[in-house]
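All remarks here apply to the structure that follows.
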Amino acid sequence: MAGNSIGQLFKVSTFGESHGIALGGVVDGCPPGLEICEADLQIDLDRRKPGQSRYTTQRREEDAVQILSGIFEGKTTGTSIGLLIENGDQRSKDYSKIADVYRPGHGDYTYWHKYGIRDYRGGGRSSARETAIRVAAGAIAKKYLKQFHGVEINACLSQLGPIKAEQFDWSVVEQNPFFFPDSTKLDALDEYMRALKKEGDSIGAKVTVVAKNVPVGLGEPVFDRLDAEIAHSLMSINAVKGVEIGDGFEVIEQKGSEHRDTITPEGFTSNHAGGVLAGISTGQDIVASIALKPTSSITVPGKSINTQNEAVEMITKGRHDPCVGIRAIPIAEAMLAITLMDHLLRHQGQNKHVNVQPGPIPGQAE
Amino acid sequence: MAGNSIGQLFKVSTFGESHGIALGGVVDGCPPGLEICEADLQIDLDRRKPGQSRYTTQRREEDAVQILSGIFEGKTTGTSIGLLIENGDQRSKDYSKIADVYRPGHGDYTYWHKYGIRDYRGGGRSSARETAIRVAAGAIAKKYLKQFHGVEINACLSQLGPIKAEQFDWSVVEQNPFFFPDSTKLDALDEYMRALKKEGDSIGAKVTVVAKNVPVGLGEPVFDRLDAEIAHSLMSINAVKGVEIGDGFEVIEQKGSEHRDTITPEGFTSNHAGGVLAGISTGQDIVASIALKPTSSITVPGKSINTQNEAVEMITKGRHDPCVGIRAIPIAEAMLAITLMDHLLRHQGQNKHVNVQPGPIPGQAE
Amino acid sequence: MAGNSIGQLFKVSTFGESHGIALGGVVDGCPPGLEICEADLQIDLDRRKPGQSRYTTQRREEDAVQILSGIFEGKTTGTSIGLLIENGDQRSKDYSKIADVYRPGHGDYTYWHKYGIRDYRGGGRSSARETAIRVAAGAIAKKYLKQFHGVEINACLSQLGPIKAEQFDWSVVEQNPFFFPDSTKLDALDEYMRALKKEGDSIGAKVTVVAKNVPVGLGEPVFDRLDAEIAHSLMSINAVKGVEIGDGFEVIEQKGSEHRDTITPEGFTSNHAGGVLAGISTGQDIVASIALKPTSSITVPGKSINTQNEAVEMITKGRHDPCVGIRAIPIAEAMLAITLMDHLLRHQGQNKHVNVQPGPIPGQAE
Amino acid sequence: MAGNSIGQLFKVSTFGESHGIALGGVVDGCPPGLEICEADLQIDLDRRKPGQSRYTTQRREEDAVQILSGIFEGKTTGTSIGLLIENGDQRSKDYSKIADVYRPGHGDYTYWHKYGIRDYRGGGRSSARETAIRVAAGAIAKKYLKQFHGVEINACLSQLGPIKAEQFDWSVVEQNPFFFPDSTKLDALDEYMRALKKEGDSIGAKVTVVAKNVPVGLGEPVFDRLDAEIAHSLMSINAVKGVEIGDGFEVIEQKGSEHRDTITPEGFTSNHAGGVLAGISTGQDIVASIALKPTSSITVPGKSINTQNEAVEMITKGRHDPCVGIRAIPIAEAMLAITLMDHLLRHQGQNKHVNVQPGPIPGQAE
């Protein structure tokens, strides 16, 4: 049943399969008065686009987005925004031989058992291709958050297989094809990816996404806590198997005296919490990390079965990303932006006419 | 704004503060015909109840749940179920001196800045006390899932600080006060907790929750994927900073040839995916883990500020859990149950009259 | 499945059957800082309470509401508010003989076929008794709307059977037991009701509810238009079979030149639209009317069947309202208040940081 | 904020303005296995299309719908369905002179005050043109309901201004340009419309929509009652000012002994309730009526103001429907279909594995 919408006041609904006619969606709830045009969306779509470097799939997808409604004379009108990306490169013949086979590690098996019918071309709806529309919708949220609240959202690849970023230099992230924040590791990454390609294998990755200048107060306890909604949003990205806020799984071995972020009149002295306390943003950076599994589309042969429950041997040919984490950078930013935007609007609804006065923000001149 | 409901077809809405008159909620959407009584709910409430062992807080809360509606002659009627737990032990005078202070690592700061007003007694709504109603609601879902689908949901403490379970023997989990699956580590745990108590400090933990016999097909891509909804649900538990499905963050260093779960006519040969592929349950065990931070309620002195932005020194007195992970066991089970129940109903809505036939399930006689 | 919640940002979830232990609910999303106490809610509950006049049922229900959470030192804190009304008068033995009979015109038949199980005591969940909690929740919305926006919501009985109000004098509405705005008809009403009682029959009614000082701009086209949401809200009241906004069904015979409300620099010159244009409030009075059917609980014998599909003859004994419209006055006000409150918050979310400037409101000094 | 979606399990989200590039939407939650193609949708779009008779606007809109996703080899796959209708006839220059004027009776005033910015071309989003996508989405629901449940949904014009249908002969409805069920009144209608056109005025109408073979049990009390959701759905159609279920406003003057529908072992003997009791479908015909106001787009001059609050005189030129009720026939069917479809899925979710047995349906062989 319906599951293709996210958000409550800022709601994104999407459609489209890997090899269908088009991808598209409805972005509903963007406030009026935001200047936005297709070029604003295209920037992030191009960052996600395949074929940008030797390390990503060589498939060509133009991913040219059209805005079909909701904008008048260059500005949002408050009505719903229709988005469309036509699919150009639909080589569906490539996929005919896997029509009745479940590729291991893919959604083939579960889609078939859930729906009893399946568009097998390129994974159909389960393909990460659908994330193109997320990126387009997220670009609208990012622009709004930036323009009206100064919020900046950036992601990077913080680990690729065994190679971890040890420096976090955001200025180099967009300067290298890995979106890696540690430029001392670029040669190691290149070498690793070349070896991987030779093996015909793939590798997992970690992506870290950070939002700066988020207002204090976002998040609606107890179930729609900001961290819970971010977890939902990020875990909904294809291939993601884990989500962390702040120190994440490191907290298991931390003591309370070490973990708690001390507050002084000048502000917080640390950010182990990742910008969320009790489900509400603190005003510090929101820091989240996700673990992306290695894609199962590899040329290493593997065993599987077909829809008649017969054993088969599989090799996934075609043009695939050896590390899906690289192209996930703008997707992670988009999903965080969509969730923050929704919560900004939800929080704003509350306090316009209320006669209560929260105190001063530590470290801010009043 | 409203954020105290979870679920769509099986919806749980809750209220109640730590030191208020009562906790309660509405469980809406439980199908008719389920035999249920207060004793069914009390079992899990007692597992969560403080004062059960020397390792948890010595506060006394009776947590006696009342079912106020929705049951007739011992069975659910399909109408909404009202739940109530009266608060007995309301020593609010203990808390008066922290009325205008933000305890570091707590929701005091964020609640104050979000709402401009705060019930400071014991954390008010941000207290983990609200999870009692989650546990009661989850017990209804657990019983339904068990009785009509054979689903079994169990959680255990898989790590406490530096001490990891290396064996997973579910039969010992309910036999020790740590809910720990590795009985060779019980002495080490005891020793660790005694030392911690002397220090007046607290420690983080990892909880693993597993659902067996989940039908294939649950989850509604692309945003309401089962894993995304589980992440939402588990991350909404107090103190949780990370959620993993299956191998979780270990996938970062895995290769595709290693991670993908091979399918044979006899079934899957491994479960790295944790029972979810492309956001839909595979029929294998659902395996999720969460990281819980060390509580900030410790007697180690810490610096903070008050609502006037003045520096203060804090010691949190009172009766607190040195490791909140221990009492989180039934909460994690409850949240997973609520999410699976909701998705079971959402999936059932779809396929009653559909003339499509999914193929055989590998490893199952037809 | 779940259907016991209404509203999105201001969400009310309820539970409780006619003869159960208690009625209750969760009011989620009330902004912080509103002074509210049980007495504020009791006023409307007492207006709805049976036994207030000879024209309503003589059942005694105390309907004493308790607020269990969400209030601290007399003010809302922004957290969810728990409400409880214990059922005193539970004479369930009265109902045993109708346990397997479908009373015509009641929900007995549909509840049985939907759920296959039924709390037959007094209609169970289908009893109008559940509206007590709506009234309590609505009283919170009414107080907020009044205090922070000056919105006034009042309902009256505009028609009882053949007797129509021809004058609308709001000052007399609360002064007579019919909540009738035309005091010249009070004798006729009294006479009509006495005759009806003798017959053992019941009669339909029309209730008109008006909200004054509603801000312009509430309503979210195209599906969550304000009028559509009001229609949902009012039609969800027991016994309601029709909803009108403004001129309602009279528009069928109106011409465009007659219906359209002319706007002048001093304001609108008429209000055929009932305060809503294109699904958005105009700032004029919101005017809605509902048609309530005659209750089927009458002593006039009627034919029906039982659950074994056998013909039976029925007389509904007990203490029933001959005209349910009379007690529906505070319910209609409550439901309109809940919907306006929800839309006020939804609209507020939008325009806090928007750099667009709607023009002047006609007839208002700037 | 977001308000452009309707439905919970069968969810329709739409976008598009009168003179924008395209209209479109996402239909989410259609079960897999339904054979559907663009021609199925086009039938209803053509019934709604302007220029079909001399009695409707002579604007030309091709309204050719494209299905962009969710269908594979002719059948729905269970994934979201993208719909698109490109706008051909975009004569936006016609509208420039009303850019800063509020046409009385239109959404110009309220859109401006809500959003502070407005696409004034042809009413923008407030134009009834958006209903084209509702009709396309509704056609999917209609086909599903028909094919898997035998549900038939038909609407007709039951009154146009003073001319009421006195016979209900469904076989003539699609044979005349008024969709009128009483062929004895066709000459009167023709005459009335010619006179109206000469006056340059418009007239209101009543549309009645009926669903046959609806299963018993649809509707989720107490707030998501079937009648409440139908009221929401139908009231969300442009120009609708009233909604009735069954006898509607006639119940005001009915007595209980007259209104209640007697049940016999052979079935109900009447249908005053319109197929809904206590918010749940009875299995009888669902009967609903709506009142549509006369359009305000008339050539009779009228007074209004502009955005600077200055008085202006208005004549709405252009090609407009003198009675919008005529073209509302397929829209009313579509909205009822969408709501029934959603509730069918919501109800199906509940009772698949439940061990309760509702009794026999009166009048049906078992």
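So that you can tell them apart, the chains are marked A, B, C and D in the order they are listed, and the count of residues begins at 1 in each.
One rule holds in what follows: contacts are C-beta pairs under 8 Å (C-beta built on N, C-alpha and C of every residue); 3 or more make two chains touch, one makes a residue touch a chain.
The structure displayed is predicted, hence computed values, not measured ones.
Chain pair with the larger contact count among A-C and B-C is B-C, by C-beta pairs in contact.
Chain centres were defined as the mean of their Cα atoms; on that basis the chain farthest from chain B turns out to be D. The mean-CA centres of chain A and chain C are about 44 angstrom from one another, to the nearest whole unit.
With centres defined as mean CA coordinates, chain D is found 25 Å away from chain C. One inter-chain figure worth recording: chain B and chain C are separated by 38 Å, centre to centre, where each centre is the mean of the chain's CA atoms. The set of chain B residues touching two or more other chains comprises 1-5, 8-9, 14, 29, 32-33, 78-79, 114-117, 125, 221, 345-347, 349-351, 354, 356. Residues 8-9, 29, 31-33, 78-79, 148-149, 221, 345-356 of chain A are the ones that touch chain C when the two sit in their complex.
Every residue of chain A that touches chain B in the complex is listed here, in rising order: 1-6, 12, 14, 102, 104-107, 109-117, 125-126, 130, 159, 161-162, 196, 199, 201-206, 216-217, 219-225, 227-236, 238, 240-265, 272-274, 276-283, 291-298, 300, 302-305, 307-311, 346-347, 349-351, 354, 356-362. In the complex of the two chains, the chain D residues touching chain A come out as 1-5, 7-11, 13-17, 20-26, 28-29, 32-33, 66, 68-70, 72, 75-82, 84, 114-119, 124-125, 345, 349.
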